[in-house]
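Structures given as structure tokens follow.
Note that chain A is present in both complexes that follow, paired respectively with chain B and with chain C.
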Partner chain A sequence: MENLIEQLQPILKQVVGYIYPNEVELHWGILIVVYPYITGLVAGAFILASLERVFEVKEVQPTYRLSMLTALAFLIIAPLPLLAHLSYPERSIEIFLTPQLKSAMAMFGFVYAWYLMIVLMLEIWFDYRKDIVYWARSKKGWRKYMYYLLSLGSLDLSEKAIRFDRKAGKFITIIGIPSAFLLHGYVGFIFGSVKANPWWSSVLMPIVFLFSAIVSGIALMILIYGVTTLFRWKPIDMACMDKLASFLLYAMILDISLETLDFIHRMYESVESIHILGQLISQKLFISLVVIQILLGTLLPLGSLASVKLFRLPDELRRLIYFGAAILVQIGIFSTRWNVVIGGQLFSKSLRGLTHYKMELLGIEGLLISIALLFLPLFVLYIIIKILPPWPEAATTPLSSIAKESSQ
Partner chain B sequence: MKKKRELMNRREFLRESTLVGTVLLLFGSPASEDSDSSNDNEPIHQYGMGIQVDKCIGCGQCVDACKRENDVPREPFFFRTWVERYIILIDGTAQVDSPNGGSEGFPEMVAENEIMRTFFVPKLCNQCANPPCVQVCPVGATFITKDGVILIDKDYCLGCRYCIQACPYGARFLNPVTSTAEKCTFCYHRLSRGLKPACVEVCPTEARIFGEIGLRSSLLARFMRFNKVQVLKPHLNTEPKIYYANLDGEVR
Partner chain C sequence: MLNFRFRPELRMPGWKSIPFPDQIKRLLIIFIILVIMLITVRNYLMPPTFVKEGHYRAAAIDSILALPIHYAGQEACSECHDEYVALKQTSYHQNVACEVCHGPGANHVEDPSENTPSAPRQRGLCPLCHIYNASKPTGFPQINIVTHNPLEPCMSCHEPHDPKPPQPPEECGACHGEIARTKAVSHHAALECTQCHSAPEAHKKDPRSFRPSKPRKRTFCGGCHGENAESAGEIPRVDLQSHEPDHACWQCHYPHYPEVR
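Up next, the complex of A and B:
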């Protein structure tokens, strides 16, 4: 408690105007910024994977499996910032046991479980089953048993079984797309449905969250695909990169259009909160919103991606532009989450004043833990890739030989 | 033959008793109906509070009494109730403050000749009939009682703070000792003993009037009859049960 008081005392001096006395403490810190950022990456990576599967965009095929595994790695970590933020994480089980069904937050457990267990895990399993069976037969030692376990005893590799795998995978992807929309749209709803907060309360919030999720997911896959290919000393498939960059550009145009619509709508309606929100942007969010989110995170990458479309540029330069744009987009989308979560708490609900957020460095709500949580999914991804390599050369030998083997 | 008849009787008995048992299971036992009806006979309270803005002198005794009564930490960041001072200047701009929740009074801020009007407004949980805090709690740790008071079960609260975000009135905080959400309960422990909330008890000018809504003999009903009342942020449809008389349009 003494720690908290020590932190709050200097903030009291930085308050501008009038805030309700209980508003000095900012309740959702950087951990709650990390949470929608990570779930956004999950939804975005999954939707990218679905493009290949459902809409049969052949160019992005090299990223299909990698995207699915990335989505899984980030999804496994997604609840951690939430749990770390709770005063009593051990009581969180009550959300499953005695959920309050009118609460948007109570639905998190169910949406999460549905997405993780039913959609992602199943889709990955169906996609990998024939490879898992092959590895179970070809590997030695404990790995052999691990793959047997992963196959869940389903060792049939007949053409009929493989055809069923494909069909089931496609069916789950079709269910998966609305599920991914649900997962991240729901995160937007958590904020958008708070009528007490005029910065959050917007029917567009879930949709804006969703499109920014798609943007961040595609940008992440450009980075992960690029880096993993370089580290494996393989040539980068430029047709794939070009397609990913095109998708990124289109998703960004949709995203910025929606956000602009939201902005214009607020300005035009000009309700009583407009004055304090204007002060919020000019005094508290200028760097994170105007400079980082809009200029660096949106307009600069948008311009550079568009320039690739307009001019014929050599492969090397295009790759550099794509990487640069993808990194800027990540920074931009993280700022978007910051501006929503932290920005929404920097003004008083009395609409008369602004408060201040001082991020800790250490401690559970600190910067270091947040950075660790942001990089943890990459570590998880590394392990998953070790178990289920998504590379074309790791896949099974031609199916006919396995089918022959299994029929013997 | 006689033995056969007896056997049939036994069969019939079994059949009938099974039938009765099934009916009882399906439609509930008469005993449980009795106990339900006895609950219905209990008097149902609907508590609310009236605040005479013109009577508040900003002495802050209510804030102090609340902190003592409910063990609220003394630091200036945690309040179940607080008093705001509004100073409307000659040019029409409003200055608002609540130093330490108003518990130690208010220092002079503006020269008297610059002031158009000034007044104090006590604030507390609005005990909404349509409470957003109850709606968002993921586990139902914050709930509305039969008598319309919103309470928090601190042994069930996760400390997710969604309710604090959802409250439009800034009435909730996270108690740094229990690490759970907290707010005004109308001193529920006092109500159950037939006492008034501490803030009402100590107010020297009777600016706070506590009572039952709809009960003609209550002080609150009298207050509602003789005053034009207003609630805070009515456009949010939270249906507050704190009614302000002579509330200025500047108050949010």
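Up next, the complex of A and C:
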């Protein structure tokens, strides 16, 4: 008890107005900020990949496979913040064993499993199958067996089989788009459905989450595509970068319109919570919402991306602007998640006071773990890329020769 | 090193006769294996009494029943301490259970001589409920612990089982502290509460049953602030006929802090 009081003492000094006793300490900390941020990147990267596959935007083709693998790497890490937050990772299997259909939170396991197993894994498998078979034949040692296992023994490379792969891949992408909407819309739903919290409770929440996910996913792919191309000493495909930046700009315009609509709607409704939410924004979230999310994370990149459209700029400068905008967008979207998750817990249900969030540094709910979780997907992506290289030169399958061989 | 060649003849007999593409057949096998694994694991790991009564482990009720009981309940207290329970029953504390102040008493009921419940006598306990807080209802007795008989244990004036004060408060501010402090810095600071309210004497002893009066008409404020009112010259005047005739005065002027906000 004394420990708890000692721990809460510095927060109590920053409490403003009247709050209930159980509202001093926030229950959802930075780990729960990281979770929607990472799932947003998954959904965004996948939707970008589907642009090439379903809508046949040829310019973004160089990022297609990379986006799929990025989505997979981030999806593998997505549940880790939740497991770390809940503290009993060994119990996570129970949500699958005893599914509770009435609980939105308990359904996460199924939304996740569907997206991972049915959408991402299958699409990647169908897309890579001919390359996997090629690698299974051309590699030596244990790699040969690994690729054989990955091919599931399906080694048919006849034209018919490859045509089926392509069709199946497209079909899964078409299922995948609503699934990606479902995955991230679901995360928004978790917050939007909390009736008692006026900062969260909004039917627009899943939609706003989704569009900010698309924004963050495209920005992430600009960064990952740019960095990986530079490290491979290859020229950056500027047509691809320009297209990515255009999509980023359009997605941001949609995103900011939706958020403005939400804001105007709240202002017009002016329900009794409007005063405390006004205080929340002007006192506790001023830096993270007004300065970081709106000015640095939205208006500045929006302006710089729009300026590229208006003026003819040299490639080098355009690349720098795209990189800068993508980094700012990442910071902005992270603070969007912060403002939703942390902001929603900073005001009292009495609507008469504000509490304060004090982040740990070293604990399991702390800053260091969160930074590690944010960088872990990049490490996973590195391993996946080693196994399934997405580069055009790695997939130089002499298809005709293999097809000939298998038809013999 | 093994150099495998994957020949169609290595496949299961009748593989080709299944009318699905090769890839789908293989994926289906993996999927079926996963589903069988899930069902098997579920059979082993799911507690046997789960879903028997609902979406929980029915046997959990027995394990909860087996937990030690800490609280005895007020009826157990009245068996031996009926005089205190009876006194409390007539007092403002009638809805406060004995164990709220004395702590869990199940072990005291079991062995009264061995286990004595706590009887807090320090000043710290009572303010847990009675410290001044703007969100509490106005009639609820609240004190400022810094100014209210400093260092004096509460029990020296208030018997906890019948906590009404030994003498009724003389000033309204003893209970209506927030109003008193607000009024003290307003233009109405010099006015007595009785200028606008009349409180029956019984209000001091039973504040919720005997409530003080409140002015209900514009003309009451007009008694001082009307154009023709007989009051000191520096008091602001309005023409009651033309000054916001559709509103009551206190819709814009909070009487305890009457400056327009």
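Operating definition for what follows: the second predicted complex is superposed on the first by the 399 of 408 C-alpha atoms of A that agree within 3 Å, B and C clash if a C-alpha of one lies under 4 Å from a C-alpha of the other, contacts with A are read in each partner's own complex, and residues count from 1 in each chain.
Here is the rule we go by: a residue touches a chain if its C-beta (ideal position, glycine included) is under 8 Å from a C-beta of that chain, and two chains touch if they have at least 3 such contacts.
Just so you know, these numbers come straight off a predicted model, no measurement behind them.
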item	value
Fit-or-clash call for chain B and chain C when the two complexes are aligned on chain A	clash
Touched partner set for A:Gln100, first chain B, second chain C, both or neither	both
Greater residue coverage of chain A in the superposed arrangement, chain B or chain C	B
First (chain B), second (chain C), both or neither touched by A:Gly153	second
Contacts of A:Leu122 with chain B and chain C, given as first, second, both or neither	second
Chain B versus chain C as contact partner of A:Lys140, first or second or both or neither	second
First (chain B), second (chain C), both or neither touched by A:Ser350	both
First (chain B), second (chain C), both or neither touched by A:Phe164	second
Superposed model, chain B segment overlapping chain C, candidates 1-9, 91-99 or 217-225	91-99
Doubly contacted chain A residues - partners chain C and chain B	18, 94, 98, 100, 102, 350, 352
Chain A residues touching chain C - in the complex, by the definition given at the top	18, 93-94, 96-98, 100, 102, 117, 122, 125-126, 129, 140-141, 148, 152-156, 161, 164-165, 168, 350, 352
Complex contacts: residues of chain A adjacent to chain B	1, 4-5, 8, 12, 17-25, 27-28, 82, 85-89, 91-92, 94-95, 98-100, 102-106, 108, 190, 194-197, 345, 348-352
Residue numbers on chain B that touch chain A, as the complex places them	73, 75-79, 82, 84, 94-98, 100-101, 123, 132, 135-140, 156-162, 164-174, 176-177, 179-180, 236, 252
For the chain C and chain A complex, residues of the former touching the latter	1, 4, 6, 21-24, 26-27, 30, 34, 38, 41-42, 45-46, 50-51, 55, 133-135
